[in-house]
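Per-chain residue numbering starts at 1, and chain names A, B, C and D are given in the order in which the chains are listed.
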Amino acid sequence: MEIIQFLNTDGTLLDGAEVRLSDEQALAGLRLMMLARAADRRAMSLQRQGRFGTFGPVMGQEAAFAGSAMALDPARDWIVPQYREMPALLHHGYPLECWFGHFKGNAAAAEIPDDVRMFPIQISLAVQIPHAVGLAWGLRLRGLSGIVICYFGDGASSEGDFHEACNLAGIVKAPVVLFLSDNGWAISTPREKQTAGATFAERGPTYGFPGIVVDGNDLFAVHAVTLEAVERARAGLGPTLIEARTYRMGPHTTADDPTRYVDPAERAVWEARDPVDRVQRYLTAKGLWDDAAEETCVKEIATEVDDAVEAAERHAPPGVDDLFEHAYASLSPRLRRQRDALSRRVPS
Amino acid sequence: MSRNLEFCLPDVGEGLGEGEIVAWRVGVGDRVVRDQVLVEVETDKSIVELPSPSEGVIAELGGKPGDILPVGAVLVVMTVAGGSPGTSPDAPPQRVLASPATRKLAVELGVDLARVRGSGPGGRVRKEDVLTAAAPEPSPPAAPTFSERGVRVVPARKSTCGEADGEGTVERVPLRGVRRRVAQTMTRAWQQIPHITDFREVDATRLVAARLRLRDRLGPEFTYLPLFIAAVAAALGRHRALNASLDAEAETITYHRGCHIGIAIATDDGLIVPVLHDADRKSLAQIAVECSTLTQAARSRAVTAEQTMGGTFTITNFGSYGGWLGTPVIRPPEAGIAGFGRIHDAVIPVESVPAVRALLPMVVAADHRLVDGDALGRFAADLAELLADPVLLLA
Amino acid sequence: MTVMTMVQAIRATLFEEMGRDDRVMVLGQDIARLGGVFRATEGLLDTYGPERVVDTPLAEGVIVGSTLGLAVAGMVPIAEIQFFGFAYQAFHQIGAQVGRFRFRTHGRFGAQMTIRTPFGGGVRAPELHSDALEAQFVQCPGLKVVMPATASDAKGLLLEAIRDPDPVLFCEPLRGYRLLKDEVPEGDYTVPFGQLREARPGTDMTLVAWSAAVQIAEQAAERLINDGISAQVLDLRTLVPLDIDGLVRAVERTRRCVVIHEAPLSAGFGAEVVATLQEEAFYSLEAPVARVTAPDTPYPLAIAEDLYLPSVDRVVDAARMTVKG
Amino acid sequence: MVVGEVPEGLDLLVVGGGPGGYTAALRAARLGRQVTLVDEAGAAGVGGVCLRTGCIPSKALIEMAETVHRAMAWTRTGPVDLARFQGFKEQIVRQLGDDVRRQLDEAGVRVLQGRFCFTRPGQGAVQREDGGPSRFVEFKDVILATGSRAVELDALRLDGEQVIDSTGALALAALPSKLAVIGGGCVGVELGTAFAKLGAHVTIIEALDRLLPALPATVAHPVQRRLAVLGVEVLLEARVSGFDGDRLKVETLRGLEEVEAALVIVAVGRRPNSDHLGLELIGVRPSVGGMLDVAKDRRIAPHVAAIGDLTPGPALAHKAMAEAEVAADALCGRPAAFDPAAIPAVVFGDPEVAVAGLSAEDARAIGITVRVVAMPLRASGRAATMGATEGFARLVIDTGTDAVVGAQIAGPHAAELISAPVLAIEMAASPADLAGTIHPHPTISELLAEAAGRP
């Protein structure tokens, strides 16, 4: 199966590349990737200071998530994420401070705004794929034109839910884009131990829909491939499985030590394919990017990240009521009693 | 050599004058052994099985089922010591001669036709023979109360009064036993006693609480009845006109020293009123135990003659079958009777505020020849006070 | 009022509610064309069409998982798990996802969905069909667990479940599908959650049960009359939410209690009932609260189930012990 | 249902739609029960063997044969059109069946199709004919009335063409010239007589030493004599060992014989349909012959009653119907017992014979002293006008109680006439009661009064 790639590592386009991003969009994409990378670094630093909880950095995979999300229409399309797709969520309207809020462990700070169409971050691998299929199916049943993109990784593809969900998606022709980001690792388990297949995407046709392999570090290719899948879904042609080949440049999570299993040589290969560098080179060649532009951008982003951290930390810590408030639509007498008993013990 | 032995109807109860033959368990010609049951006799108090005094062969029966014999009348003539012609034990079982309708009736009434003597030609069993032989339920005797006289007390037979089985025919049965006794007594009472009656509802909230406490102490079977008895006994102590009896012919009034409270108990055969003697001198616990014994004995028709005698006042409990109030009839020669309805929650004003309280409906009837309206009212008020505040029973 | 069997009541309720609200849909294995293996969804396909009456692939996980997605999309989905024993294969979705979705989204999304499933044994089903797993789902906060015991409750509670903004696990007593018949109110009839039902009044003791075990309790109560024991039967109806006040009030009156369930003894929901009673009604109890349950062993093959499940005899024995010591 | 036994709740279940089954169903429905009747053939099976393939169709054949036979005495007629007869028979069966179905319908009895078997006490499965999934039922009470089926001979399997049972015989569309009937009991005698009267050459082969072995020898004699007159050959103490399509091989006391036959009718008795009921699951074990021991109220277990051919006694519809009433009453909580003094039995042979109560031999065997009074059919003017001479009326009287305890009648309409003695036996009437009852003249019934009046 061929791998779709538009952009060389040196920033030049391959023959036949059908870039569907305008220059402004390409600039916005670059900024999004840089923002994500900065936020990642900041979050890492805060986690090391004990101000943040465990979280999974996105470093190295920015193009996969930025490029795919840029194919969506946030006004009607939905994202059903796993937990590493920060650039996609930011693009879709999820505020950075909420992202920080979630990993700080404060639910109130992470609350999805009313006009943002996304499911919450999902820690249990692959369980969100059935949700996404059901959501997409339901949107169609309700006569809405929105489609759903569901993110998951190479590890999640081994779960039963992946199979069950793909199977159902094919049968009901759910308007869903199944976006598998193969970053090479499930914690320490390499891709070769998740599947003996040559690709993940080749499974698509066995469920009755196309599967496509794309260079996950190529913003333009990811965007174009996803856009096509989105158009297919919106036209009622059913799901598409996209396998985005990328590489996790950071640890699995802040609690992980990848030096125990990552071969530095392999990592070096992928470092050369950095998604951000590539777009910078492309834009520089077009005269749309230079050191000055970069400096301005980095400064802006730093401020934005500082503001978001500050906003996330400004949220009041949760109280006993927060344990109960959203457990059910309304509390039973028994739960009210439990809440009252607990409140007496924990002064608010 | 053989001789004839006459077995006469013994006095099976205290001073009872007569007995009704309910069913023969033997027929003429039957060979019987000592202590084999010969006949069932029903007295005013109960049904008893009379056993044979000796081994022998039945020569003659002293009456038909339904006959009433005075004590001392010959019940059975039997040939003893020497034998006599009878049915050979090896004789093949022979079909009982009876029509299909009669056989069906026997099945329905649980009568073993082989043990019924047919009154028709050639011993053919008729419908009437089956009806009179309708046997008692074959359950074991309750207690050998009269064993020294060779008399056993057994549970009563089911009444055969009323519609046969809904098929539209009416069945007539003679008025006998307890039912006859009840009919006689109640006719006399209603014809002779001018009744006056006091109705009231008592706030029983404390009584309910008291009963719950006492139940914890005296066991789960503790009912309200012992409390009613204790209260009535206490009230009677202060109003002797209600604890009296009138002999209209002799024109004398008897005031009783002791309070002997009759408890009206419904049984399948009719009302039975065992008496709890000296209720005014017994503790609640004693009353409770005796109540329970008497009630069970009455239900199984195992009440002794003595246990039904000497009452001075009667209590009836409509509440046990859900009733609110009724108009009880005094049992002559007593002067009064009290009835209690079902305790129920009701909203009543308590200090001008609506409150939910437990209410006990109560009725007291008295013989107006002995008791005037105001005396009855005062008795009823006292009784009501004792029930409303059972602590007063300790006073 | 019409006399219906439980399965007729369920079918009628689904039919009526789908007519009333076009967001309501049903999905599951064999439910459309066949009408469900118990015919609970028979006739729905003809009236409401294949978009709203859907035969799914044989996969409990995605049946429940996609139902959550459908609910977020604004449908009112009712999923069927063909046998409760198969719920194990959807446990990660029901337990970890469906129940806590409202909580995980801080109230942004609820999951207005119902999972219907036949419940309990006694019908000689093959292995793994009959497991009584209710207590395991009671341990999944955010989920409501509803267990009707009569046809009229099946209607009233199912309608309530469909309309409840939270996800409801709706367990239907399989053995009673065609056995239990009673008068079912017509029209828009709902039974609120968290209100137990006094299936039979009594004064000397209380038998607590749910689902099919209510019938066992009622039969036991009938037999206990011969012992002079007046046994009250409570049908809990919903385990989550639990009608604590109703339960405690009743046992405070009768002072004695036996709990009956089909699930194994240890950590069964009976343990919750007993614990609650000792917390709330300790000083009213005259005797230890007894439990009549399956043993802590796997559900056996068909013929042995009569030995395994609570029987009328066992309930009567326990009740006698409780009353008479 | 795909898996499991999800039971449907029923009140009272009746298994079998024959005379016993439908009578029980109607009785229980009248007593207020919700009754469900299950029969292997569903509503079409209502009426059972009796109505559909037994008593009723055979009586139609016998009646037709008698009519033809009598007509032939006066005028030569051509061969009988059996196909037309089949139409007549089917119409009767349909009409009578419809009548029972209407009664069941009006009584609110639901009729299911399928074969019932217990799965445990109080529950059972109703299996479908087509092998589809069973329906499971749970019931409060059940009355078993599955009847009996014809016994087959190992030496001679039914082939539906040349070797048939009585059902096949009653469905014949053409009359064979030579036929053999195996079994000289009630069915064999009735069919043999009827086909002989229609003109066939008939041989009856019986294993025992006389015809109608279940009935007193007294009534067998006139039947045997008339068969000889009709040209029917009777082989007694004979056993069939094979059939080659033209000839039956028969072992007799004389040795091996051959009987020419184009058609063989097997009528060697019946066996209770108690197998396949799953009785072992409710702890009931049939006797060796498959019979179920019942209590007087027809119960075999607390909520299970059995009636009819499943239970001891003659396999007769009227016995099943009488037991049905008792069983329904008992399961509805009414005291009831099956306790007849006499169950009549009738054979529609030539002459027609009927018996009830005790024969003189039976009575003496159990130690009852009896006298027998009899009148020959020749003494009846009415019989003479019918051209009937072979027959009698006999009464058995218990001398100890002076009660009629048995009766045997042979002659025209004996089956109708037996009811009077049955009533007398049940009522324990004395012979004087019978003699003192005015009987109409000229009828054969007068013989009964005359016999009763003899010293």
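Keep in mind that, in the parts below, contacts are C-beta pairs under 8 Å (C-beta built on N, C-alpha and C of every residue); 3 or more make two chains touch, one makes a residue touch a chain.
It should be emphasised that the depicted structure is a prediction, and the values quoted were computed from it without experimental measurement.
Listed by label, the chains touching chain A and chain C alike form an empty list. Between the chains A-C lie more C-beta contact pairs than between any other two chains. If you average the CA atoms of chain B and of chain C, the two centres end up 51 Å from each other.
Our note on geometry: chain A versus chain D, Cα centroid distance of 86 Å, whole angstroms.
Note: centroid distance chain A to chain B, computed from Cα atoms, is 90 Å. For chain C, residues touching at least two other chains: there are none.
Residues of chain A found to touch two or more other chains are absent. Within the complex formed with chain D, the residues of chain B that make contact are 91-92, 94-95, 97-100, 103-104, 107-110, 121-124, 165.
The touching residues of chain C, counted against chain D in their complex, run 5, 30, 37-38, 83, 123-126, 129-130, 174-175, 177-181, 306. Interface of chain C with chain A (complex): residues 23, 25, 51-52, 54, 56-57, 59, 61-62, 64-75, 77, 92-93, 96-97, 102-108, 110, 141-142, 144, 164-166, 193-194, 240-242, 244-245.
Every residue of chain D that touches chain B in the complex is listed here, in rising order: 334-337, 339-341, 366-368, 400-403, 405, 426-428, 430.
Here chain D touches chain C in the complex through residues 1-9, 119-120, 136, 138, going by the rule given at the top.
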